[in-house]
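Naming follows writing order (A, B, C and D), and every chain is counted from residue 1.
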Amino acid sequence: MGGNTYGRFFKITTWGESHGKALGVVIDGCPPGVIISEEEINKELSLRKPKIDELSTSRKEEDSCNILSGAFEGKTLGTPISIMVNNRDVDSSSYEKIKDVFRPGHADYTYFKKYGLYDHRGGGRASGRETVARVAAGAVARKVLKNEIKGFELFSFTKEIGGIGISKIDHNSLKREKIVSDRLWCPDKKISEQMAQQILKAKYQGESVGGIVEIVAKNVPIGLGEPVFDKLEADLGKGLLSIGAVKGVEFGGGFNLSKLFGSESNDQMNSNGFVTNRTGGIVGGISNGEDIVIRVAVKPIPSISKEQKTIDNKGNERSIKIEGRHDPCAIPRINPVCEAMVAITILDHLLMQKSIGGIR
Amino acid sequence: MGGNTYGRFFKITTWGESHGKALGVVIDGCPPGVIISEEEINKELSLRKPKIDELSTSRKEEDSCNILSGAFEGKTLGTPISIMVNNRDVDSSSYEKIKDVFRPGHADYTYFKKYGLYDHRGGGRASGRETVARVAAGAVARKVLKNEIKGFELFSFTKEIGGIGISKIDHNSLKREKIVSDRLWCPDKKISEQMAQQILKAKYQGESVGGIVEIVAKNVPIGLGEPVFDKLEADLGKGLLSIGAVKGVEFGGGFNLSKLFGSESNDQMNSNGFVTNRTGGIVGGISNGEDIVIRVAVKPIPSISKEQKTIDNKGNERSIKIEGRHDPCAIPRINPVCEAMVAITILDHLLMQKSIGGIR
Amino acid sequence: MGGNTYGRFFKITTWGESHGKALGVVIDGCPPGVIISEEEINKELSLRKPKIDELSTSRKEEDSCNILSGAFEGKTLGTPISIMVNNRDVDSSSYEKIKDVFRPGHADYTYFKKYGLYDHRGGGRASGRETVARVAAGAVARKVLKNEIKGFELFSFTKEIGGIGISKIDHNSLKREKIVSDRLWCPDKKISEQMAQQILKAKYQGESVGGIVEIVAKNVPIGLGEPVFDKLEADLGKGLLSIGAVKGVEFGGGFNLSKLFGSESNDQMNSNGFVTNRTGGIVGGISNGEDIVIRVAVKPIPSISKEQKTIDNKGNERSIKIEGRHDPCAIPRINPVCEAMVAITILDHLLMQKSIGGIR
Amino acid sequence: MGGNTYGRFFKITTWGESHGKALGVVIDGCPPGVIISEEEINKELSLRKPKIDELSTSRKEEDSCNILSGAFEGKTLGTPISIMVNNRDVDSSSYEKIKDVFRPGHADYTYFKKYGLYDHRGGGRASGRETVARVAAGAVARKVLKNEIKGFELFSFTKEIGGIGISKIDHNSLKREKIVSDRLWCPDKKISEQMAQQILKAKYQGESVGGIVEIVAKNVPIGLGEPVFDKLEADLGKGLLSIGAVKGVEFGGGFNLSKLFGSESNDQMNSNGFVTNRTGGIVGGISNGEDIVIRVAVKPIPSISKEQKTIDNKGNERSIKIEGRHDPCAIPRINPVCEAMVAITILDHLLMQKSIGGIR
């Protein structure tokens, strides 16, 4: 079983440990005849690459992919697309001295208990580096979606970092190119600056921070989602909760809807369509044509240089200060990963819907 | 494809429309030799049955199941278990006059767009009544879990209704039998009374309310969850988001973790185990032996008697007041459904883990 | 896991023991808007019903189905279709005295070893009666295929019984209505009579016989089949080998191709298409538009009244003569089951192909 | 969907075109802690490598694998194992001039019709070269099986080539090391020589031949196989029929059983176990502890230098003589591929059975 495959129609299988030789993804079920290139994928990969500035890690992840199969003369063949990214600039030495100690907030303990052994170097399979493969697959999914859906847009932005956030924003004013030009993917420059200060404050204290990412998909066709279990929310939720640092997900009004009256929560309609979009574009598990709006809670990076108590794999009490290169905040590097999971999920459902009834 | 199957090892397939002849579930993959009875399942079904009081619907859902296969002389055979519940007290007349009108907040519009036709009577397949089948399957899953896991406990309670809630509670003080004896499944009597007032207030205004349900699983073995995509959170999240009214889900500290520093979010360890449980019992997608703690946001019931604007299936503008029998709040009837999805998901992962390494 | 689900798009889950209350199937993924009726399904069920004559069992299986969900006003809804058939005329008494003895050639021993217990009555889940559910699902699949594919035909005929068979036949001369009018589904009346004599000879000796069934599907669209593992042959082979009595399957020239030269095995083409059809309509795992031709080997019914040596569930040596009502030959009752599996498999692949590229 | 994944527990996904950069497999669900090495896998790969003699192709496929992930310090981690083999000695020039012509017996036509385009070089994805990935995965499966099952043996031998074969053989006299030392994997030296003459005869006529491979697995635990659809025969059959050249498969007595009486087909038992093994080790879809015995029909290699009629992708009639390097017979290079599919399928079912009841 294993758990390393996602999607049923546009099906991705990822592989690779953080400090292994390489990592990658095999995409099965991509429609044939789609133009793809390593350049396009690399462009997406560069978005999750750490920026070399005070807010980021110093590991140089200049990731460059290699399409090993599934494309011929620049077009997809309908056969599996194997994409590989080599691991470069891997320095495992800082992990050597803590290799038998369970880092708090990391998966060392649970991997050790589940599998009986684990690759301690850089978090092994549990590392955020695994998401390189997701972003590569997401780049292909995004390309297919742009071909299949007129006016399709998918972007995410940073809504909150370390408790500092933007309260309200008009999604129609947002463009992905604009958002990603901000170093924190925050569409409000002033708040972006405050967020940066918050990250720096954490960094200087040997701490880390988390935040909230909002993802928006526009012009998704009506009718995607398979009740009752493969509802669009259920599958999007699964995809996003499969990202390491995500501890919560909500759609449209989300948790806030639980505090309202029915008339404040329902979206009424008139002959122009829906008057409001409190539900986040999904009703009864099926897309209704409105913007799909999702927010995810990202916990703080667990690697901090502050001293923490833990145990080692013999059960001895130990204390640990995590050294090495670590971001003080997973945002905005996690943003393209969220987008990738949403792109893959929407495409998966689009292909599913084509099989039973076509896209209306 | 269809989307009516959940789980991979303990695999359930549900079927049935709200006002059809019957509804049911086929469970495939249940271990053999487990003692089950219709009585035990009916006991769980009675927990999602509307209580006949001022807070509830007046439809009498005295559901009684029929085990049609998969058990012999009181024990499971390892073959598929087919459980059927007949639909009784079905009165479709109140739906007749609004059969071509899309009820706001309901799935009428999206079903119509996706499938080209739908059973308008009582919400058809999109009705909350579909969850009867989930609860029946959950009763079997719960039984297997009790056999397999020493000290296993699984309960849920109402944390908030219409914005009124309990802020903090010690999970160790809670027992399922005690919780379910409260008519709102709220472990704090005083707050339960305030919640009831809030529901009544809504009801008298022709409104409805939502709330937050918290689910707790105790003594779940360490090691359940299959990184990277079938993380325990991802699968639990999918299961819970597949319930109609759920619009958000969070684990442990959830959205609040996103506002903290790393040292406030990490769970440190000593020789007695974890010192805190901010992560909600799951790290790196794998259970760590601590209580699994999940909260879901339940939106208000969309059926309200207040007048709302909508359109019909010809595109004409209409206004609608929903009559008939409707709960003003999905809580606590949704609570056993949440528990069922959690039980099925945990059992699914337990069987998965047995296949590769046994339970440590 | 369990193994009671077949298909991925048009997905069927069957349930039920031979002498249980009922048996049935849930179909998930059937396209919406298809006209179906219990009458049409019953008509197919009647084809696998034992004929009341000297060649057959005397159990009266007047099977009549009940569509419990998934259809409204005579049309499929796109939601799961639950079809149930009650078990009538069940007499378990003849099984009582051999309930702890493993019947040679039956699954008693392997079920006991696998599950630790089994329903001994009438073979339980391992009974051929389970195929009622397959035929019901096949009737729906056949209906959808007729809607989707112009000129689609699917039939099977008895090629050999007890070593007596027809050597060559022109598939274009065959029509299903004609074939099924023969009591042994043999298109050659003279050979049908010889086959009947062979069956009677076996019956009078307390024996049983097997044979070979040939299945033909005409006008299957080009392009069905998903290399490399879900080749059309691989999936058809799986479907047919999942029928209890089937011990071999071959496509087109089959085993005989292995004795020929390449030039005798390849199908050459000209501007009118393929000149020959030695490959049985599938090349590289993908349908090529020619007739799909499959043959399956059906072993003799294991229930014979001749004395046989065996052991009981304590390991004691026993001898057994199987009494009760048993056909001396599974053919032609198995023929509609073979057709059902082929119909379901082809429809599954048709829907799959629609998802990636439409039907050319 | 795509069809490039096989297995559910020990799940393999293969990728790669014949003349692409590389090909490989990702194995998901391999138990942790298994010792594996590139050397062991290469040893298996060398068995499917063409021997450089008169009976074989002259393409030098000195395949050497690279384990890119899933193993650490020589042991499997429980994470996905990515194995890559680079394509060397690739000369696509001989394909250039026939790139728009459909080679008879090859998948060019069906790939073109299904996908709208294909990689014509060396058969692309439809090439037998794809099976390198299967053999690599099979080597890992074989290793796990040897760890898990005492006395496990799995071998295949050439039963027939071009109509010349061995009629009867005692499986207990066979050892894999001995079989593979024969250049045609035929355990009877004299017949091996006759087979070689048959191959040469074909080769000199510009022809090719096929044959029959028999696969035997010994000491498979009782209880593997999931009725009713995932019967062990059904899954083994699917696995073997997914190999390009295989056009038929049979178990135990197979097609010959269809000609016998029930008493000649049933396996009786005494206190020592089964007296015969006509069923090939599987009853009711579940292994019974006897040798699993399977035969597959391998069609002649379609590439022949004899002139054949065909059409090109514009529909024009063409004639073609296939040049380049081609084996005149797929046997014995296909034998390790058959073994690999059997190993993977048995391991898959072993892990499945562990999840519900352990191995008895």
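Note that a contact is a pair of C-beta atoms (placed from the backbone, for glycine too) under 8 Å apart; a residue touches a chain by one contact, two chains touch by 3 or more.
The model shown is predicted, which means the values in this text are computed figures rather than measured ones.
Novice: Would you mind telling me which chain pair, B-C or B-D, is linked by more contacting C-beta pairs?
Specialist: B-C
Novice: Rounded to the nearest whole Å, what is the centre-to-centre distance of chain C and chain D, using the mean of the C-alpha atoms as each centre?
Specialist: The separation of the two C-alpha centroids amounts to 27 Å.
Novice: With centres defined as the mean C-alpha position, give me the chain B-chain C separation in Å.
Specialist: 39
Novice: Between chain B and chain D, tell me the centre distance in angstrom, where each centre is the average of that chain's C-alpha atoms.
Specialist: Chain centroid spacing, chain B to chain D, equals 46 Å.
Novice: Hey, what residues on chain C touch two or more of the other chains?
Specialist: In chain C, the residues touching two or more other chains are 1-5, 8-9, 14, 29, 32, 78-79, 114-116, 125, 227, 351-352, 355-357.
Novice: Touch graph of the chains shown: is it line, ring, star, complete or other?
Specialist: Topology of the interface graph: complete, with all chain pairs in contact.
Novice: Going by the contact rule at the top, pick out the chain A residues touching chain C in the complex.
Specialist: It comes out as residues 8-9, 29, 31-32, 78-79, 227, 351-352, 354-358.
Novice: Applying the document's contact rule, which stretches of chain B touch chain C when the two form their complex?
Specialist: 1-5, 8-9, 11, 13-17, 20-24, 26, 28-30, 32-33, 66, 68-70, 72, 75, 77-82, 84, 114-119, 124-125
Novice: Contact residues on chain C for chain D in the complex?
Specialist: Interface residues on the chain C side: 1-6, 8, 14, 102, 104-107, 109-111, 113-116, 125-126, 130, 160, 162-163, 202, 205, 207-212, 222-223, 225-231, 233-235, 237-239, 241-242, 244, 246-271, 275, 279-280, 283-288, 297-304, 306, 308-311, 315-317, 352-353, 355-357, 360.
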